[in-house]
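Next come two complexes built around subunit A: one with subunit B, the other with subunit C.
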Partner chain A sequence: MSLAEVAGFRARLPRGEGPWAWLAAGSVALSLLMLGGLLTLIAVRGLGHFWPASVSLVELDDGQLLAGRAVRELPLATGQGRERLYFTGNRDIDGHVWQWVAVDRIVASEQPRELVVLERVRYGDFIGRLVDVRPAGSHVQGVGGGEVAWAALQARLAAVDALRDERDDLQRNVIQPLVRQLEKDPGDTAARRGLAVANDRIRGLQDAMQAEVVVLQSVDGRRLVLTLAEVLRAWRPNAMSLPEKMGAWVQGVWRFLSEGPRVANTAGGVWPAIFGTVLMVLLMSVLVTPFGVLAAVYLNEVAHQGHLTHWVRIAVRNLAGVPSIVYGVFGLGVFVYGIGGSIDEWFFSDQLPSPTFGTGGLLWASLTLALLTLPVVIVATEEGLARIPDHQREGALALGATRLEMLTRVVLPMAVPAMLTGVILAIARAAGEVAPLMLVGVAKLAPQVPVDGEFPFLHLDRKFMHLGYHVYDTAFHGDDIQAAMPMVYATALLLVLVVLVLNLTAIFLRHYLRARHGALSRH
Partner chain B sequence: MIKLFPVSSSTQSPRRHLFDRLATGLIAAGGIGVILAVLAIGAFLAVEVIPALFSGVLDKERITLSLTPLAWGTLKAAFWALVFAIPMALGAAIHSAVYMSSRLRSRIKPTLELMEALPGVVIGFVAGLVLAPWVERHLAGAFALLLVMPLGILLAGGLRWSLSSSMRKRLPLAWAGLWLVPWLAVLGLLALEVSPWLEAWLFGGDLRGWLDTELGIDYASRNALIVGLAMGFAVMPSVYALAEDALSGVPTSLGEGAQAMGATRWQSLWKVVLPAAAPGVFAAVMIGAGRAVGETMIVLMASGNTALMSLSPLEGMRSMAAGIAIEMPEAVPGSDAYRLLILAALLLFLFTFLVNTLAELVRSRLRRRYRRLGDRS
Partner chain C sequence: MPELPPSLLSLDRPGSALSNSTGPIIDFAPDASCLDVEGLSLAYGGKPALRDLTLRVPRQRVTAFIGPSGCGKSTLLRALNRLHDLDETVSRQGSIRLEGQEIHAPEVAVDELRRRVGMVFQAPNPFPMSIYENVAFGLRLQGGMSRRRMNDIVEWALEAAALWGEVKDRLRASAWSLSIGQQQRLVIARTLAVRPEVLLLDEPASALDPISTLKIEELIRSLKSQLTLVLVTHNMQQAARVSDYTAFLHDGELVEYAPTASLFTNPRLARTENYITGRMA
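Our next item is the complex of A and B:
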């Protein structure tokens, strides 16, 4: 073959790879697109929920007025025109919070500054106008409407907030312990007196909170009188500047993270769920780390490397692929009904038939998840141990170390990043796992967090809330799914963030580990 | 006598060794204990169920009656998940093992690893409460998307061919995984815009009604296709990771040899590399099947949980895992219902354990084969 022929051949060479190569490339693009779409959807909807969106005052062609937040727009079922969904609030006077409006029926739509949105203890949001703030029971004009009323409302709400905090504090730190003390010893007169004093104080606070009322008017002219105790927050989205809105957004996010849920989990925050998830995961990692490392050290350093060890290794690895619900069944059968039932019979027989440990709880959930994540820790630690070059071990032994000394002074310190990787992966898996928890102790709503100031401080037998289960339960067992959706999005976003951050940490750790041991084995 | 060495070394040495032996024994005992505890899962399930099976407490009729729909649902969900996951995962694995630039590959692999870590409950929520109602409203749009995606990818390949060579260099196949993303996004939006007209033109504006009257297919909002898509999304990264390992583990000399003989990269992959890696790819698919069978939350949230036995992908189903999650908390321990659920759990356990063991065996044999092939070259 002459040179020219070769050159000619080369010129023809860049043939296409054919359609299949493109389809293969497309599947990478498609999965990235799906992943990006999913994350964007959750992030936008989850974070957008806290944005104080503007409220429109809409006049329809038949003269009807409504005020609300436009949520979305769809083509009408008939194919002609579009319709728009407004969140109008006012469940107590309208009986509904959503309203579909055909777009061509809208005569005028504006955003007046004076429209207020109130977040209330009951019935969700109110959207309308502020008329007056005055003492309860009187029918004389109070401060009047307009800016004066708005300023007065803000000041009073701050005062009521302080009262509410004081009341909750009393309830939690004085009354509840006294009540429990009285349950144990009904003859305790000092406690009884203390309880009476505290109850009086709470009644006083309650009265102070209800001393004033706010008079409201919906845009179609119906009046509503609320005591200030029923109002949590008030804002005028149309009068807020951009920095103010951003401030409100940050506050909203903070409330979501720090408060408990209200109105059947459709409003408020997820603090108990965050607390429950973190506590359960911490307990689990305390349980799983020593046992996982122990098993890995045994398999890799102590056991005779024969057929049996090989099979055991395969079996342990495969347990990571066993469905999580099967672990849940095991936890329910062995921990809850088996061990928990026995503990109840031996130690808490006076409280039977109501179970103490014989029902799902924090301890059993952490144990089940520890079992579920054991293979992850064992496999990761073993991988790290196997990466340590043998000459490190031999060097230690040659210098006169015993096997234990070699393990504790040389091998284990070098395997620490691998163990950490394993534990972090285990935590990430446990934080996102919901199915087994449904069997062994998660609760829809747990008013008491499992840690408090009462002996033994950490209540392993209590049920707890969990972020993942919160997503499932709020999304599927609520009355008004439409109203709960923003909360579900926000919770899902939080869960995804937690899991992603944990996984990224594990990935970086593993990267560091590979770089380090790559350098080590080259020596 | 002059002591040359400190006494301690001679007297402490036996104690040190005794201590060492003791500690090693403890480690061994602890390790074995932990491993036994982990393996106890299978034993527990078997002990709870098998006596009841043999003593006839659970008669066969009852078992078949209550477990068949669940088994059917499980297999149906897993099947549709694999229908979505396998082409995507294998395509992505092939692309990243053969064509992708190594810089992009080192970024894509951890990204897909993160995708694997997304909690099932979040995917299930999005599938059941966002995707399912959306697809129900935009049925034609959803089918158009399914059609447009592969065609759009091929179109991109064809269009690139007709570009000038400098433009073509700017859009290399090695980075196609990235630059196809905006292209597909634009095409997808276009398809959604056009689909209402297409629906009006072809199906009289009501595809759902058309399906019902013309084909007799009942469309349930939460159906097997939605579950399959969501679960395929969840299963795909693990299949991808294992298949990619198998493909890129093939000694490079094999593929290079084929290319030196004039094969394109696709030909060398199809005729040489893929057959060599076939067992590994098969193992990856099996592990994906194991995960799809056991996934609970996605099926629970996206399937409607009706224990139907229908072939139609547009109807719902109920899987074993979801059935356990729903019914187990209410079942009285020791009752027949409780035993049946444990039997379901045992079946799940056995299935996944066997499938995974098989896959693991295949993979370890494959690794040995690669080592041999690598030696010869």
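Our next item is the complex of A and C:
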């Protein structure tokens, strides 16, 4: 019985064939259930992260006030009553962001409209009340509180966002190229002047962003003054309608997908990691396919089918089982230090001792993974070639084709679906690999993607970010694992989706090519 | 197709009684031969499949090879266009000449030889391409042909294979969408398109229904004015219907070789008669 049959609810269990059929069906059902559970878990946890959940204002029996988002509830260790976990934010004034509260101690809990949540550049979220928006350094009342302040804050944040975009743009497209230019030629006075001008402009922008402050107050009455530059986003979850929340959710997901990471990867987006993962996998496919196909063609069509070929085949199949970290070690030793080191000596000696190719990078990572997935492509292609009936080959030969013509015109086109199966399997394996990448080029933080407008456009020597490594890094290297967990789930979900999309693309391609074979109309 | 000179073949009818001799009985005028097989022995990994075989295939005639299963008919046919070259386990002695030229000579290019000696297999094996591309396959290999000329040849070949009428409106359709009988005629058309001098047919109709079989037989008869045909078949009636000469092989050896009419009506050897009357499998 196949998975597809069960999934399609067409499972037929033959009557009277004993318990084994039920056992088999049960195993399939259990596997599917676990798989579904896994995906649901990461989907719910990951996607829930972007939902602007309501914030409660809670009064305890001792008069203490707190504002936060209820996260979960557990029975108390004493066995009586329950306790609830709140995310309260305000790391800078409270020193913590989580608070457990025994449910029977809660005297009142309400959700006032005016509570604001601010996403900040540092210290994570602020939860509390908005008091005022005023010029920096002023102690005079500005626009005042309430709806007016909220409207003012919205408008000011939009303006600051525009300034921030301009600053980032300047940084990326003007300052960095000029700095690289100056590294190459320190005497370039025009570049030096340009840099000074750009830096002035950036200072100006920064000043403009800090020109105004927002005055905040926590629910227990402590004040906090932030410059607008420190605030990324503000929302009032209790005042939002469902469509507004959904809009905010979509926006949040979009920012996650399109922005770079912040705060040691525990906040912000994962765009460089998505880009790095996809680019690395594509490069890997481009590298592994020709090698794998040629090797398979040699083994199946050219080589004398003797003992040696037999042993080579066994060896290739076993290579698929070598742990991936071993490939990482190989990549580090041979590609990075060996080949990369030599390339640096020959072509980039002016930049030594800082390495160009003699350190981990996109190229070496792709090559290492190509090596890792080579056996998969070879085996799949070989199986495809072996399935092609000999009479197709003989048919071509009998028409006067040479062996090369037979291969290129009849055999290989027929084996294309098998090759793509190999590539699909290779992608599935490579996209999820993290261990070898840590040795050959993945970076904790590389906000600059390896493709840009600067010659040679694709920077094979650059380090890159990877979703798998990002998951690992976010989960273990932040200082608040609780806060990072939603990011971990979201990133993991994204990794699954990226692998899925890559695979589906290849599957679609294979399907298309098969269809073309079936009802082919060339020329 | 260039017209070959009319055959000079003349047959003298045998009239002797059945003989039990074992040596090959060859009743055939040699001067118009297209293929000369001489002392051909062939073994698969040491196991002999053909033993010291000598026979001539007349030009522009249909010659049938008959014999029990495993007697080496296919092996002989494949030797004629060197398809065995692919198999390293095959060892061969003896010579085969095509129009007087040794086909194993070093100066003979095997792809050129196979173009001159085309082959059609038991199961139709069209390529997974369009009908048009199947027929044009051999032409494209030769290259340097104008589109118009290629179209002409494709049409001519399909016409010659009695398939044009059935496929002329769907040349772009996949060859695999044709019926088995049509596929076999397509394969014949594909082979004819490269204008072979010899066409080898290995049980070309054994996978087909009676109507398709008749069509193939008609086709074979119509083609012999243009080329030399060699037909392997298990069907005695078919051999009798379409061939001019018949060779009876047994256990890798040539037993009797004579004009079809005389072989079937008046076999000289008891072994031959037993086989064609069905007393020997």
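Before moving on, here are some points about what is shown:
Criterion: the second predicted complex is superposed on the first by the 458 of 523 C-alpha atoms of A that agree within 3 Å, B and C clash if a C-alpha of one lies under 4 Å from a C-alpha of the other, contacts with A are read in each partner's own complex, and residues count from 1 in each chain.
In this text, a contact is a pair of C-beta atoms (placed from the backbone, for glycine too) under 8 Å apart; a residue touches a chain by one contact, two chains touch by 3 or more.
What you are looking at is a predicted structure, and each value in this text was computed from that prediction instead of being measured.
When both complexes are overlaid on chain A, the residue A:G26 reaches subunit B alone and has no touch with subunit C.
Look at A:M246: by the touch rule set out above, it reaches neither subunit B nor subunit C.
Looking at the superposed arrangement, the partner reaching more residues of subunit A, out of subunit B and subunit C, is B.
Contact with neither subunit B nor subunit C is seen for A:V107 once the two complexes are overlaid on the shared chain. Of the two partner chains, subunit C is the only one touched by A:R409; subunit B is not.
In the superposition on chain A, A:Y472 makes contact with subunit B only, while subunit C stays out of contact range. With both structures placed on the common chain, the touch criterion links A:L399 to subunit C but leaves subunit B unconnected. When both complexes are overlaid on chain A, the residue A:L76 reaches neither subunit B nor subunit C.
In the superposed pair of complexes, A:H304 makes contact with subunit C only, with no contact to subunit B. Judged by the touch definition given at the top, the superposed model places A:L282 against neither subunit B nor subunit C.
In the superposition on chain A, subunit A positions 402, 405 are in contact with subunit B in one complex as well as with subunit C in the other.
Interface of subunit A with subunit B (complex): residues 15-36, 38, 41-42, 74-75, 79, 291-292, 294-299, 301-303, 312, 314-319, 321-330, 332-334, 337, 360, 371, 374-375, 402-405, 428-429, 431-435, 438-439, 468-469, 471-472, 475-476, 481, 485, 488, 492, 495-496, 499-500, 503-504, 507.
Residues of subunit A touching subunit C in their complex: 304, 389, 391-402, 405, 409-410, 413-414, 517-523. Taken together, the subunit B residues at the contact with subunit A in this complex read 16-17, 19-20, 23-24, 27-28, 30-32, 34-35, 37-41, 44-45, 48, 87-92, 94-96, 98-100, 108, 110-115, 117-126, 128-130, 137, 149-150, 152-154, 156-157, 161, 173, 176-178, 180-181, 183-185, 188, 196, 200, 205, 233, 236-237, 240, 264-266, 270, 287, 290-291, 293-297, 300-301, 321, 324-325, 328-329, 333, 341-342, 345, 348-349, 352-353, 355-357, 360-361.
For subunit C in complex with subunit A, the touching residues are 81, 83, 86, 88, 111-112, 114-115, 118-119, 121, 123, 125-130, 132-133, 137-138, 141-142, 172-174, 176-177, 187, 190-191, 194.
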